[in-house]
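In the two assemblies presented below, subunit A is common to both, partnered first by subunit B and then by subunit C.
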Partner chain A sequence: MKRKLKIYLPFINAGIQEVATYRVNWIFYMLGNALACFVSYFIWKAVYSSGGTDTMNGFTMSQMVVYIVLMFLTSTIIASDGAWVVGEEIRDGSIAMRLIKPVSYNATFLFQELGNKLPTEFALAIPMIFAVEVIRTTMSGEIQFSILGLLLYILSCIIAYLINFYFNICFGFIAFAIKYLWGANMMKNCIIGFLSGTVIPLAFLPDALEKLFLFLPFASLNYTPIMIYMGKYTGTELLYYLGLQIFWAFFFFALSKALWKAAVKRLSVQGG
Partner chain B sequence: MKKLKSMFKIHRIFIAQEFKRMMEYKGDFIVGIIGFLMIQMSNLLFLWIIFSQIPNLLGWTVNEVVFIYGFSLIPKGIDHFFFDNLWAIGHFTVRKGDFDKYLTRPVNTLFHVLVEKIQIDALGEILTGIALVCITIPKLGANLNIFRILIMIVLIPFITLIYTGIKTITASIAFWTKRSGNIIYMFYMVNDFAKYPATIYNRFVQNIITYIIPFALTSYYPALFILRGENSLFNLGLPVLAAVVLMGFGILVWHKGIRAYESAGS
Partner chain C sequence: MIYVDKLRKEFKKTIKDPGLKGSIKSIFKPKTIKVIAVKDISFEVAEGEILGFIGPNGAGKSTVIKMLTGILTPTSGSCTINGKNPTENRRNYVREIGVVFGQRTQLWWDLPLRETYSVLKEIYEVPDDSYKKRMAFLNEVLDLDSFISSPVRTLSLGQRMRADIAASLLHSPKVLFLDEPTIGLDVVVKDNIRRAIEYINNQEKTTVILTTHDLEDIELLANRIVMIDKGTNVFDGSISELKTKYGQFRELYFETDSPNPVNILNYENHFNFKPDELNIKAEGKTVKLSFNSSIVPVSDMLSYTLGKINVSDISVKDADIEVIIRRMYKHGENL
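Right after this comes the complex of A and B.
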């Protein structure tokens, strides 16, 4: 374990340095995404004031605001761009450099990305969680913060990130067959956006669809952690959804290994 | 005049070249068009679900909202179709030093960059936009006459220039900073505000999207005129003015940027 850590620590470090180089770029990117949150906020505000009811499908307006902010935070935490990396490396042949090293292919990505994400995540998560609590408290008039909820949310996010990471690696191998990664990625994001509740909370969908989407792996990405933080899942329901998350994480982990084996067999790299 | 003619000729050659390239990778562009179509479908599904819960959105009917949304897609799609290459300038052309090639050619650099590529993916946006406008127009009521529809068509090229102008300005920043892709991205996200009627936003946001980053001029204000015939001078004049000012400023910044440009990369 210690030896393993020593191997992969440099990858984390490289990731941290990478993100430090493009910090300004990252800030603009985040600002752009934050703007999308404001659009959501206004549209929901208009919807609630047009609807004439306080609660829609179990969400009050203040819960909807919390949902939007948490969606922004959760999407950032679990984001993973393995698909691009795999596709690019197969295309330009730099994958060969990873193959000749005695380290796991997936693991090197994982740790590099962790290094990429950790500093930014802390910089983002703490103020955002604080903001969520301020919004919740002022809009409902009572303190709703629960440390257990926060811890479960963090746990759920970690599992969600692993699902996303391995899913994207799988997708990278498949997308490589399509060749046009940009287009394929757009389709993927679009489908996931809907199935994971990013576009609209799954509770707003017709019952049958909601049930189906909740079982699919994509709800495990964003929706489950957010519902856990908001205290919508309790007791056995909570255990069920956490269990489902773990199931999907293992599923995509195994699938990525299988695809990797199949891909390496067919891989031919010209030049270097 | 002769110069203009030669410019058109160059444009034609570039586009022909692009089509050849596209024919080679047919699968790519089908994937791209479907991708953009799906994004539109997802947005429409969102609107549909919302409107199944409420009678109207602060007084806007579903048809009006869909019309505004659809109309906003047409100029956006046209800009995306013809002038997508500016994204590349901001993201990597300058950073990798590839911009040098434009400086060595005997045509205006901005013109060259603009006409060099077309982005077929944008058809997903343009087609959805046209379809939505055509579907909603008959349902919007009788006071919508031919005259207004003609004005709408005339307005589209100007609105397209609002997009191209903003993209030129933000892409030009890369001449100083080497990379401005995410600044373009940020401005594009402001464009999300243009998808819905501006009355759903508060005063502050309304002012920003009207006067500072004027994406509301790309759909909401023209739609006000088309749908309700309101305040034609403001609703039509401002988009045209903004188009001229933004594009003019874009050309200015671009050429200032080129003077500041130092080749990068290897």
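Right after this comes the complex of A and C.
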């Protein structure tokens, strides 16, 4: 284990340095995300003010604001480019350069991406969590921050990231069959945006749909960590959702291994 | 060391009728055909040998290399390198090989070159002191110091290729695969890289498999040639064997003051050469011709030429391997 870590740690290091190379790109990426966050805020503000009620499906407007900010934070934390990167490497044949090294294909991606993400996470998480707490405290008049909630949220985010990472790797392997993934990737992102509660909280959906979506792996990506942070899951419910997250993480981990074994035999390195 | 037995690779290729109509049709009803890229190739390479692997574009060279390095899985047949099967336990197998693809890079594009080596050091678990020694050695052979702190994307092609070769040698592999390592390089860098390959082969008995389109690489480096065309093996042997078997060709250069020397000499009719057996290039005063010396001995050719016209300078040399191979590429197996 220690030896393995020593092999893959340099990938984190290299990942961080990659981000440092393209700082301006990174800043624009963050600004773009923040903008989307504001758009979302104004839409919900309009919905609440035209609805005439303070509470919608268990969410007050202040909770909705918290939800939006947390959604922004969580989706940045768990974001994974895997599908796109794997698809591109298969398409242009550079996957060959990873195959000639004595390392696990998936693990090099995982650690490299962690390196790419770590600067973002730290730059974002601290001010965002602070902002969330300021909003919550001023709107409700009392301090709601709990250390346990935060720790559970972090744990849940880590599992969510692993689910997302391995799901995306699996998805990327589709490129072995269809060669170019751009279209499929767009479709996937839209569907997941809806299924994971990024577009609207799952609590706003009809009961049957909500139950189904909560069980699907995509709720484990965004919705579960947010609900945990907001303190909406407690006791056995909390354990159930964390357990479900772990289940999905293992499921996609195993699936990615199996798909890789099957796919690598079909590999036809394109070009050169 | 390396045994390749009836290696075969088939691809499915989607074919599409021309134009928009064809594109739409192929979305709904794709037609696939089977392409045999490598057709039952067999050869062996001994330890410490440098094998030149040549063939025209699309002959299947790269596909063979990709199967030998464990990137592609053969459709049938087998290859054993160092007693290991590349596709069976890839991660274990690739520890013992080094690979360079001239058209791609294994270096970390956005990072200073040095970082790539420190990542590779961990991947191959090279201990600190041997890493230092190795880097000093590679630096001596490939002269990396001047650009080791620059990001890889800023390197020139020649620097990048040297860096790539160093990266493939960091873990002292037993077998080195070089797929077109001199592609697009200038003469000086080519020379530098050739010397490095030769030196490492000499020093460490590294087995080298080299594909290239630059026949000078082959002549200077390779002990043996395997030539493939359309996926099959057409020649396997040393360069001198290639020359004696196919290359009874000699090249004759001379300078003359006579106008129109080619017409005066009229070799074709005088010696009854078939079109394949003679090739003449005349440019102003100089004439360069290559001919098959098993049809007409060099001495006859010389005395005939000197008897017919006034020659100011003349020389004969062994046919360039290029001449032979150009003929082989044209004719394939039917030679």
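FYI, the second predicted complex is superposed on the first by the 264 of 272 C-alpha atoms of A that agree within 3 Å, B and C clash if a C-alpha of one lies under 4 Å from a C-alpha of the other, contacts with A are read in each partner's own complex, and residues count from 1 in each chain.
The rule is short, and it goes like this: a residue touches a chain if its C-beta (ideal position, glycine included) is under 8 Å from a C-beta of that chain, and two chains touch if they have at least 3 such contacts.
Keep in mind the model is a prediction, meaning the values are calculated, not measured.
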Checklist entry - Touch check for A:208: first (subunit B), second (subunit C), both, or neither? => result neither
Checklist entry - If you count the residues of subunit A that each partner touches, which comes out higher, subunit B or subunit C? => result B
Checklist entry - Looking at the overlay, does A:56 come into contact with subunit B only (first), subunit C only (second), both, or neither? => result first
Next on the checklist: A:100 in the overlay: touching subunit B, subunit C, both, or neither? Say first, second, both or neither.
Outcome noted: second
Next on the checklist: With both complexes overlaid on chain A, does A:6 touch subunit B (first), subunit C (second), both or neither?
Outcome noted: second
Checklist entry - If you stack the two complexes on chain A, which partner ends up touching A:194: first (subunit B), second (subunit C), both, or neither? => result first
Checklist entry - Which of the two partners, first being subunit B and second being subunit C, lies in contact with A:43: first, second, both, or neither? => result first
Next on the checklist: For A:148 in the superposed arrangement: first (subunit B), second (subunit C), both or neither?
Outcome noted: neither
Checklist entry - So which positions on subunit A get touched by both subunit B and subunit C? => result 22
Next on the checklist: Quick check on the complex: what are the subunit C residues that touch subunit A?
Outcome noted: 11, 62, 66, 69-73, 90-92, 94-95, 97, 99, 101, 103-106, 108, 110-111, 115, 118-120, 122-125, 151
Checklist outcome for this item: Listed in rising order, subunit B residues that touch subunit A in their complex are 25, 27-29, 31-32, 34-36, 38-39, 42-43, 45-46, 49-50, 53-58, 121, 177, 179, 181-183, 185-190, 192-193, 195-196, 200-202, 205
Checklist outcome for this item: Listed in rising order, subunit A residues that touch subunit C in their complex are 3, 6-7, 9-11, 13-14, 17-18, 21-22, 93-94, 96-97, 99-104, 264-265, 267-269, 271-272
Item to check | Complex interface listing, subunit A residues touching subunit B | outcome: 22, 24-26, 28-29, 31-33, 35-36, 38-39, 42-43, 45-47, 49-51, 56-57, 178-180, 182-184, 186-187, 190-191, 193-194, 199-200, 204-205
